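Below, chain A partners chain B and then partners chain C, in two separate complexes.
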Partner chain A sequence: MNTIFALANVVIKELYRRKDFYVLFVLTAVLTLLLGSVSFFQDIKVVRYVKEIALLLIWISALVIAIATTARQLPAEREHRTIFPLLAKPVTRGQVILGKFVGCWLACGLALVVFYLFFGVVSGSREHSWPVLNWLQAFWLQWSMLGIVVALVLLGSIVFTAPSSNATICFILVLGILLLGRHLNQVALQQPEPLRSVVYGLYFFIPHLEWYDVRDLIIYDHQLIGWGDCALASLYAGIYAALLLFGAWLLFRRKPLHL
Partner chain B sequence: MEPIIETRNLRVEFRAQNSGSEKKVAVKDLNLRICGGEVFGFLGPNGAGKTTTMNVLLGFVNATRGSACLFGVDVREPIARQRIGYLPELTYYYKFLTAEELLRFYARIFGLPRAVADQRIEQLLKLVELDTARRRLIKTYSKGMQQRVGLAQALINNPDLLILDEPTSGLDPLGRMKVREIIQRLKNEGKTVFFSSHELGEVETVCDRVAIINQGELKVEGRVADLVKEHQANLERIFLNIIGYQPESDA
Partner chain C sequence: MKRLVPYLILGLLAVGCFSLATVLQARAYGWSRRAQADNILKVLLGDGRRLFANHFFIQADVSFHSGYYPSIFDQARAAQGSRHLTAEEGDPAHEEHEKSMDFLGPPRDWIERFGRHFMVTDHTHLHGDNESEILPWLKISAELDPQKVETYTVAAYWLRKLNKAPEAEEFLREGLRNNPNSHEILFELGRLSAEYHHDPARARKMWELGLRKWADQEAAGQKPDLFHLDQLAVHLARLEEKEGNLVRAIELLQLAIKATPHPEALQRQIEELEQRRAAHAPGASPPAR
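Let's turn to the complex of A and B:
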């Protein structure tokens, strides 16, 4: 465990010594504050739009941070050859994969905390109400979803050599699942066999990232989701992340590394 | 006496790039046996198979045939690397970390307790003369300083075996002398040092035994003094003869 956390610590330090996170945070903050300062026809409902835009920016920024940070981890280790002194220590390749996963996931979590704190301040100051539990639930579900995304990108970084191609493919895949995933079963019903079975198979095979998107519940001030459902969603994310990490380990464990 | 490094009939084949299915033999049935306390020089021209052999010893590449052991443990087991230190030819470190952070990271990987790690980092930074630059990011270091950080990380676990891949490459004369002093010091402490180098004068000075490899094959192995006596020539001459180099004046 010590090795895994040591590796994770390096990933977190790298993220916060680069400028990506700060740029995204400043961009999100500036856009939200600018839009929040505009008053449309003195309509008090405008606060909903501010919340909607802020949450959308948080989702996009978190995805960019998760995918960009994870996609460069293993390729950068190989390109800068830092993998060699690392693997010359008593470290297994499985520990490298796990360390990178934990590091990227924790880094995303820290970034999300900052984003949600900002959202809380903006939303609370406009609405004069502080539904902290709802925000916590949204934060937790989004972070769980990012666990699947990080594991997926880590697997991709072993399959694809170039971080840019991996990041692009993963970004399209994740956006595709978020936008179309929930409709695949209905699409399947309209197809003839055997396409119907294929689309159905795909519906059950893909990780349903859209389940973790509870932005509407915050925007329209809905009730909390049951904590049991939250736990099930976390378990689902954990299983998917574990399967993807297992795949990454299978590919990485015997990969020859040449100086 | 149990060998620290042992390879038996070690063979490494690669599928050569741009030549279809043709295989390139990088190391041909290499047998090496290095015992504790020895400073062993591993020599050969570029592309001879030195780095590939080191890659197998460090577990980066799997052998096609044969076996390789460190401290009697198969090199594929991570535990075989618990007592070794490795310095790569060029500096490959996280440049966004400071020297102190880098050493702490590697100390954690070896599972050193915090107090031991603190003491060890202090000693090593003094040894490589980086104690005043310990809180600067590695990316701001000169090449010599980066090489010294590399040496410090290789020694963080107080290893019994040090594997050095051309440790003085790119260093100025002072830096080279410093590395030689450190190797000598480790030898005096009874550590084993396995290193490759193109600096034959340096090898002659510090090594107990040498092996010369060419095109993947072990050509010569023995004590430096014995080889010099046997061939009636210095190490450089022996090396050039083995790789088949004929100076124009001799031709």
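Let's turn to the complex of A and C:
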């Protein structure tokens, strides 16, 4: 376990040494504050558009951080040949995979904490209400979703050779699931057989990342989600992440490491 | 001296650039339409901004429904158009909208059933002060596509409801500058004059002009919306009735009958006005006591 956390620690340090997070955070903050300062029809009570834009930017930034950080982990270790001394420690390949996953996931969590603190301050100061539990649920669900994304990108970094191609493919996959995942069953029902069964099968197979996007519930001040549902969604994310990590380990186990 | 030569050349070039800029700036302004753009969105997006305008108009509708809105996959079963945004409770448009927004239906599988815990599933409309939440999206939509008339009329409706008549008028005037032939905007301006300024003369001018614009569009074969003809004619008829111009009021109601989906009610009103006109006509016998 110590080995895994030591590896994770390196990834977290990398997050705050690199400029990705700072650039994305400053961009999110500047855009949100700029839009928040605009007065529409002299109405200062209007706040939901600011929440909408802030949460959209947080989602985009979190995805960029998760995918970009994870996609370069294993290729960078191979390119700089630091993977060899690492494996000679001795550290098993499974520990490398787990360490990288934990590191990337925790790094995403740290970034999300900062983003949500900013969101909370902006939203609370304009709306004069502090639904902290709703924000916590949104944070936790988004972080759980990022766990699946990080695991998917780690698997991709073993399948694809270049980090750029891996990041691009993972972006398309994740965005595709977020936008279409909820409706794939409707699409399937409109298809003739055997395409219907194939699309419906795909609908059950893909991780339903769209569940974790509860921005509308936050923006429009809806009730809390049931804690049982949150727990089930977390379990679902955990199982998917484990499945993808296991796949990554299976592939990484026998993969030649020389370039 | 030799040392100074490069700096002198630099200075000469800078002066040359400055002088040329003063000459060219005035001419360059007229070279392209983009240079005449008066806001940053026009400069950045050009005419492509109109594509985004509809997105922001829909975003206003999403906000009005607190996030409960059909996706492109649900839209065959859900509401179309924007009339529900300004429909009062009890209106046929409102009733129709209520029915069509039941687009979710029962869940088809466990994934959909479970997923509904994480999305908005209740059809509600904004109320109270929250109604102003749709206004930023409408303003952005109007900035992106100043020719989208319904953006101005919907925003004006809500601004009126929120007791922001001066802002509504200002926004409608901006809309009229961008769409000088819009009978819809003229109708809304007339309503503001009648209901907020209590200026029937100005309201009459607006609505008469609106009727003329509607007729011009019909003559040009543009098939303008009958709903708006109905609205214009009925509101103007009410105004004329209040002012005592019963003949004109009857004419307008007869015009509205051609456009309304419920002609029976208007027919009854015409008959009532005919009776009143007959009673007030010179030489008519006083009503029996």
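Assume the second predicted complex is superposed on the first by the 255 of 259 C-alpha atoms of A that agree within 3 Å, B and C clash if a C-alpha of one lies under 4 Å from a C-alpha of the other, contacts with A are read in each partner's own complex, and residues count from 1 in each chain.
One rule holds in what follows: a residue touches a chain if its C-beta (ideal position, glycine included) is under 8 Å from a C-beta of that chain, and two chains touch if they have at least 3 such contacts.
Just so we're clear, the structure is a prediction, and the values are computed from it rather than from any experiment.
Colleague: Let me test your reading of the model: by the given contact rule, A:N185 touches which partner, first (chain B), second (chain C), both or neither?
Modeller: A:N185 contacts chain C only, not chain B.
Colleague: Can A:L141 be said to touch chain B (first), chain C (second), both, or neither?
Modeller: second
Colleague: If we overlay the two complexes on their shared chain A, which of chain B and chain C does A:V91 touch? Say first, second, both or neither.
Modeller: The answer is first: A:V91 touches chain B but not chain C.
Colleague: Is it chain B or chain C that touches the larger share of residues in chain A?
Modeller: Counting residues of chain A touched by each partner, the higher count goes to C.
Colleague: Between chain B (first) and chain C (second), which does A:V10 come into contact with in this model arrangement: first, second, both, or neither?
Modeller: In the superposition, A:V10 contacts chain B only.
Colleague: Considering only touches as defined above, state whether A:N2 meets chain B (first), chain C (second), both or neither.
Modeller: The answer is first: A:N2 touches chain B but not chain C.
Colleague: Report the residues of chain C in contact with chain A in the complex, numbered from low to high.
Modeller: Spelled out, the residues of chain C in touch with chain A are 59, 63, 66-67, 71, 73-74, 108-109, 111-112, 114-115, 117-120, 129, 132-133, 135-137, 139, 159, 162, 164, 167, 171.
Colleague: State the interface residues of chain A toward chain C in the complex, per the touch definition above.
Modeller: 38, 40-43, 45-49, 52, 141, 182-183, 185-187, 189, 203-204, 208, 210-214, 216-217, 219-222, 225-226, 229, 232-233
Colleague: Mind listing the chain B positions that touch chain A in their complex?
Modeller: Chain B residues touching chain A: 51, 54-55, 58-62, 78-79, 81-82, 84, 86, 88-90, 92-97, 101, 105-106, 108-111, 150, 153-154, 157, 163, 165.
Colleague: Going by the contact rule set out above, which residues of chain A touch chain B in the complex?
Modeller: So the residues of chain A in touch with chain B come to 2-3, 5-6, 9-10, 13-14, 17-18, 80-92, 254, 256-259.
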